[in-house]
Amino acid sequence: MPDSAISPVRAGMRVAIAGVSGYAGGELVRLLLNHPRLRSTPPLLLGRLGETDAAPVTLTHLHPHLSGLGAADQMQVLPFTWEQLQRQSVDLLLLATPHEQSRAWAPHALAHGMRVIDLSGAWRLQQEQNRAIYKLEDADPSLAAALQGEAVYGSPELHAAAIRKARLVANPGCYATSILLALAPLVRAGVLDPDHGVVCDAKSGVSGAGKALTPNNLFMHAADNLSAYAVFGHRHTGELLEQLGLSADQFQFTPHLLPIPRGILSTIYVRLRQRSEPAAIQAVFDRFYAEAPLVRVRRSPQLPQIQYVVRSNYCDLGFHLGPDGRRMVVVSCLDNLLKGAASQAVENMNLMAGWDQAEGLR
Amino acid sequence: MPDSAISPVRAGMRVAIAGVSGYAGGELVRLLLNHPRLRSTPPLLLGRLGETDAAPVTLTHLHPHLSGLGAADQMQVLPFTWEQLQRQSVDLLLLATPHEQSRAWAPHALAHGMRVIDLSGAWRLQQEQNRAIYKLEDADPSLAAALQGEAVYGSPELHAAAIRKARLVANPGCYATSILLALAPLVRAGVLDPDHGVVCDAKSGVSGAGKALTPNNLFMHAADNLSAYAVFGHRHTGELLEQLGLSADQFQFTPHLLPIPRGILSTIYVRLRQRSEPAAIQAVFDRFYAEAPLVRVRRSPQLPQIQYVVRSNYCDLGFHLGPDGRRMVVVSCLDNLLKGAASQAVENMNLMAGWDQAEGLR
Amino acid sequence: MPDSAISPVRAGMRVAIAGVSGYAGGELVRLLLNHPRLRSTPPLLLGRLGETDAAPVTLTHLHPHLSGLGAADQMQVLPFTWEQLQRQSVDLLLLATPHEQSRAWAPHALAHGMRVIDLSGAWRLQQEQNRAIYKLEDADPSLAAALQGEAVYGSPELHAAAIRKARLVANPGCYATSILLALAPLVRAGVLDPDHGVVCDAKSGVSGAGKALTPNNLFMHAADNLSAYAVFGHRHTGELLEQLGLSADQFQFTPHLLPIPRGILSTIYVRLRQRSEPAAIQAVFDRFYAEAPLVRVRRSPQLPQIQYVVRSNYCDLGFHLGPDGRRMVVVSCLDNLLKGAASQAVENMNLMAGWDQAEGLR
Amino acid sequence: MPDSAISPVRAGMRVAIAGVSGYAGGELVRLLLNHPRLRSTPPLLLGRLGETDAAPVTLTHLHPHLSGLGAADQMQVLPFTWEQLQRQSVDLLLLATPHEQSRAWAPHALAHGMRVIDLSGAWRLQQEQNRAIYKLEDADPSLAAALQGEAVYGSPELHAAAIRKARLVANPGCYATSILLALAPLVRAGVLDPDHGVVCDAKSGVSGAGKALTPNNLFMHAADNLSAYAVFGHRHTGELLEQLGLSADQFQFTPHLLPIPRGILSTIYVRLRQRSEPAAIQAVFDRFYAEAPLVRVRRSPQLPQIQYVVRSNYCDLGFHLGPDGRRMVVVSCLDNLLKGAASQAVENMNLMAGWDQAEGLR
């Protein structure tokens, strides 16, 4: 698809969010209501699968804390229909929907001339064996394959140029973002030795699992507890392998459920190809993120903590180099609902619209 | 029913628990597996409504933390059937079941010659207007009315003699226990002035709401939060009015959901009939609980805290008398699953069996 | 002091904050760095008592989460000296300092021509018997008495006109704000019957106790716990009595320490002079707060929860009227560091500067 | 020292605990008050460094939750003096004291004919370079060296025979216990390939840091947070290297501070020498712990969680073998104050006294 086919997003761009009722959807609404470029045209808010027949509900019924924010008290969340989207001349559709729904809806939206940012895992994976874990079913497999090939992995630190021109952006996973931002500088600089194995021990707050009424989401399960899950089998593994260019046997990732509402801390163990010094590694990170508005690199030996990123749009990075100058621990923190989801989606929207990457996020 | 109809419980008493999968049911199992009098005859464990058709599950599948405790690793939780109970010659049935089920099952159990301790609200209320909130339906209303009249409110500090002889004991509610133990000594001593109003502001950990998959039981709802609920309408109000002999306009009770797994703290505001001194009030409490094994009265101005009762079998009480010698704040703490449920049920069992009231609870 | 003596605050007003290292001080810095009117002249940041000799520290060393916010990464926290304040031509001094320090410093600042907003309890109380609890000592008692008479209690919902012209504003306490905003509409409307007693059962997150290294501030004390404290003797009682015009025997207030970082919920029990209806009470609140930008009145029977106000600038109010139409429960929630401290100080600053009351707070 | 020099501990053994005020000390008291062999001779309770001059305090003043437990309400905590210990003919001294104090006191106690279990790190390390981190100073270096050589590392699963005869037992660290019990079976069975590196990512509740009034122990630091600390430099590394026979470059350990009061979960990444099957690894663990009363091995793929071990005396182990049959994740959980401290000390006491290893711990 030639670039010219992409209509530049208008100043008064019309944005719609589907899946407003979830945690990430709610944060997305909050960010867009605060966004300086969208003040005159507030986003269209839509429900999600299984909610499409429901009568409109007020936004503040779903998210009482948003009351008082801009036009929030007057806003309705409408049942999802394509007529609705077309009647409102939506330019950009943000999908905060389950992956089955995102997979089904993105082709329609593109066919209707909208651009799409999908926050689910539906469009992140180019390799079929990685995508298999989502058990996706396509109505039109060849169209889906074409769109998959066109989809851009929405990591603004890695793919800004492609995102600007993309019709379909696959917003990265929350765990994946925290690990990718920690490792990409080392991989790109060629200092990481992948053959010695990369171990990612990640811990996430409960909102990462969404709003579903499942036993693991109960207070009595998560409070005063810590548990590992999806060992050797978490869905975000695939996108990390693809983005980092690692093979499955070089990479290990274990997620844990933390007894807190929000925040991810990933502790990442790597080995360098050659003996190095802290200052040299610091320079690798600093250079890589010199222009990145939402990544904060701490001075070694300072390390990030979850409390400093919760409810912020940042990913914080820090590292310790071992006494041997080869083994290294990188620590990465972010808010799973923000830089791990909604804020990163807004960055992608900003890039697609030709605005400043961090507009509305500072 | 004459006392003689009650067979003395045998030393090797056979006890069954129905509703083992819940939080209170799990604590009950733990306490009975630790009970010195039941070592030779471990309790029969049964499921609850909707689980009755399921195949047996192992106890440690439901409650992994019980592994290693006595015979726990060998125990099965069986589907509930009356045949099962009779085949095992059960003497005492403990119902940790929803109130609808308890209301339906208790008459059957009594008819089969078993004695019953019910942990739900089904049998606590003598006055129909108080019971209405449970929307109970009786297959045989006149039998139910007779049994209701016979049912003993299972507060061992107030009704030990009746409990010893009872066929049907209605174990008090968790909030009700914390408030009742704080107020009963003052009411019985005639020092409380009910006409000035009694205000009970109570706060409970999340386990009080049970294991149901409801939005309010989600970690994301309860964590970092506090909320009042059931204002002017909580189900435990009725049993407090009946037990304290207060009228609805003299008494106010507001429960709150605390962001902790376990524990209740009730802050209770009362007015005394006459100006008093701390020492005199202390004596009222001390005398009332002189023989009570599971009530600890703190020395004023020390006050109980939830941390000192969680996972203990105690109710802790403390008070502050105001500078006017008339207004008083009483603070009461207990573990809602223990003294507020399972431990109190074991006290009742001990009394019914003729054992020491605190056997297995120290 | 004639109004004319108060120089209108300049558009590029120069603001200083003393006591930046505390929790409320940190929030104040965050709000001022975000404040549209202060973008060109960022606030001067100063330490507090016992820190005045220390070398400057960077702001982000004290508050790492502020990194990236406006000029935050370039800002220093300087030792407090009067020379510093004069050299910078400070117009308005915000004191986030302990009350002893605020009591000593405010007269100096006023004498140097600055206006002052004090976040401590030093200047809130007009009646000596209420002030006694702070054990304040004045170098010049007659000057202090004069300034005390001039000081305005900084509740913008109650005293906006006086605040606009004030030289010295005493920012309300966090508990006091939550209770005052719940009761003032009822008192002013004459519907509350004070003779029947007002009971305020309040619960606060741990940040309300400040950053001091005390046993009660330890994680191991506060976590999984709830405790009442300062029964019949909390310092905020006096300012509530003065502001509400109640006598000590009409009013009772018990604070509790919640196991959460931030947020206050106050449950308030009152009696009305006459039988009323929910709609009438709703109207009392709605009218009173019709123009208040930072008070959200919920529709009864909806009630506020801490989760909806944490990290917001709002106070949320809701109520339940009892079945007798006389007894009423009012629930009030706010973030103790924001509407209970820093946001309210910014409202006061806005009023003093002639700006919109909620500038920088939406 | 010949075995014969060790007087068999008497049935009515006299035990003293020094350092009763800390969290581990408090748990030790609780366990000993519950211990069937010590019912007739309750332990002597002593303070710790800096508290030695203080007047006696009641046990329940320090630990209110212990009220009601055995003789607890009558017990005093006395200032530490050698006269006190001798007057009471103490046989066994349990030191729940800081390592400097334990290092200084153990030689005295041994010289007075007592046996010693030390819960600090003072006597755990045979290699001087590992011990250096504690900066220990010995009054009599050659005596200290001799005693160090004699000291037995108190892991009952590894060294039961030596513990039985020991005069001086060094109770393992909490993190060290969780990791050691996970790795020892694999190392002893020769299946672990140490050259590929062992990565231990461990997470502990706040009580692991003790009761000190430090910023990191504040609720406001730990709540809603997670942070890594002591990367490449935690004190428990040395004892793990010595016990596992690994070299520093084969082993990496990163501790994290969890926002919960109690519990450790260690996620451990290893590689096997040869491709294996889950059943074979399960058998390695099962055989190793067949007789261990306080280790529970879960069936793979079940994994331990902190909630199932908190307030229990167990260490729970579980593992996942990767799809390559070589990489493996072992998860280990325990309560840092119990199996990670006090319960393990009681096991050691039981062994030293010739009692059943788990006496008083089931």
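Letters A, B, C and D mark the chains in the order given here, with residues in each chain numbered from 1 onward.
Here, a contact is a pair of C-beta atoms (placed from the backbone, for glycine too) under 8 Å apart; a residue touches a chain by one contact, two chains touch by 3 or more.
Remember, predicted model here, so these are calculated numbers, not experimental data.
K.L.:
Centre to centre, using CA atoms, which chain is the farthest one from chain D?
P.N.:
Measuring from the centre of chain D, the most distant chain centre belongs to C.
K.L.:
Counting C-beta pairs in contact, does A-D beat A-B or the other way around?
P.N.:
A-D
K.L.:
Approximately how many whole Å separate the CA-defined centres of chain A and chain C?
P.N.:
Here chain A and chain C have centroids separated by 38 Å.
K.L.:
What is the distance, in whole Å, between the centres of chain A and chain B, each centre taken as the mean of its C-alpha atoms?
P.N.:
Each chain reduced to its C-alpha mean, chain A and chain B end up 47 Å apart.
K.L.:
Suppose each chain is reduced to the average of its Cα coordinates; what separation in Å results between chain A and chain D?
P.N.:
Chain A and chain D have C-alpha centres separated by 42 Å.
K.L.:
Can you list the residues of chain D that touch 2 or more other chains?
P.N.:
Chain D, residues with two or more chain partners: 221, 224, 259-261, 305, 307.
K.L.:
Which residues of chain D touch chain A once you look at their complex with the stated criterion?
P.N.:
Within the complex, chain D contacts chain A at residues 196-197, 199, 201, 203, 221, 224-229, 231-232, 249, 252, 254, 256, 258-261, 263, 265, 267, 269, 271, 301, 303, 305-307, 310, 320, 322-324, 327, 329, 331.
K.L.:
Please name which positions on chain B make contact with chain D in the complex.
P.N.:
Going by the criterion above, the answer is residues 64-65, 67-69, 224, 296, 305, 307-309, 311-312, 314, 362.
K.L.:
Report the residues of chain A in contact with chain B in the complex, numbered from low to high.
P.N.:
Spelled out, the residues of chain A in touch with chain B are 23, 206-207, 211, 213-215, 217-224, 259-261.
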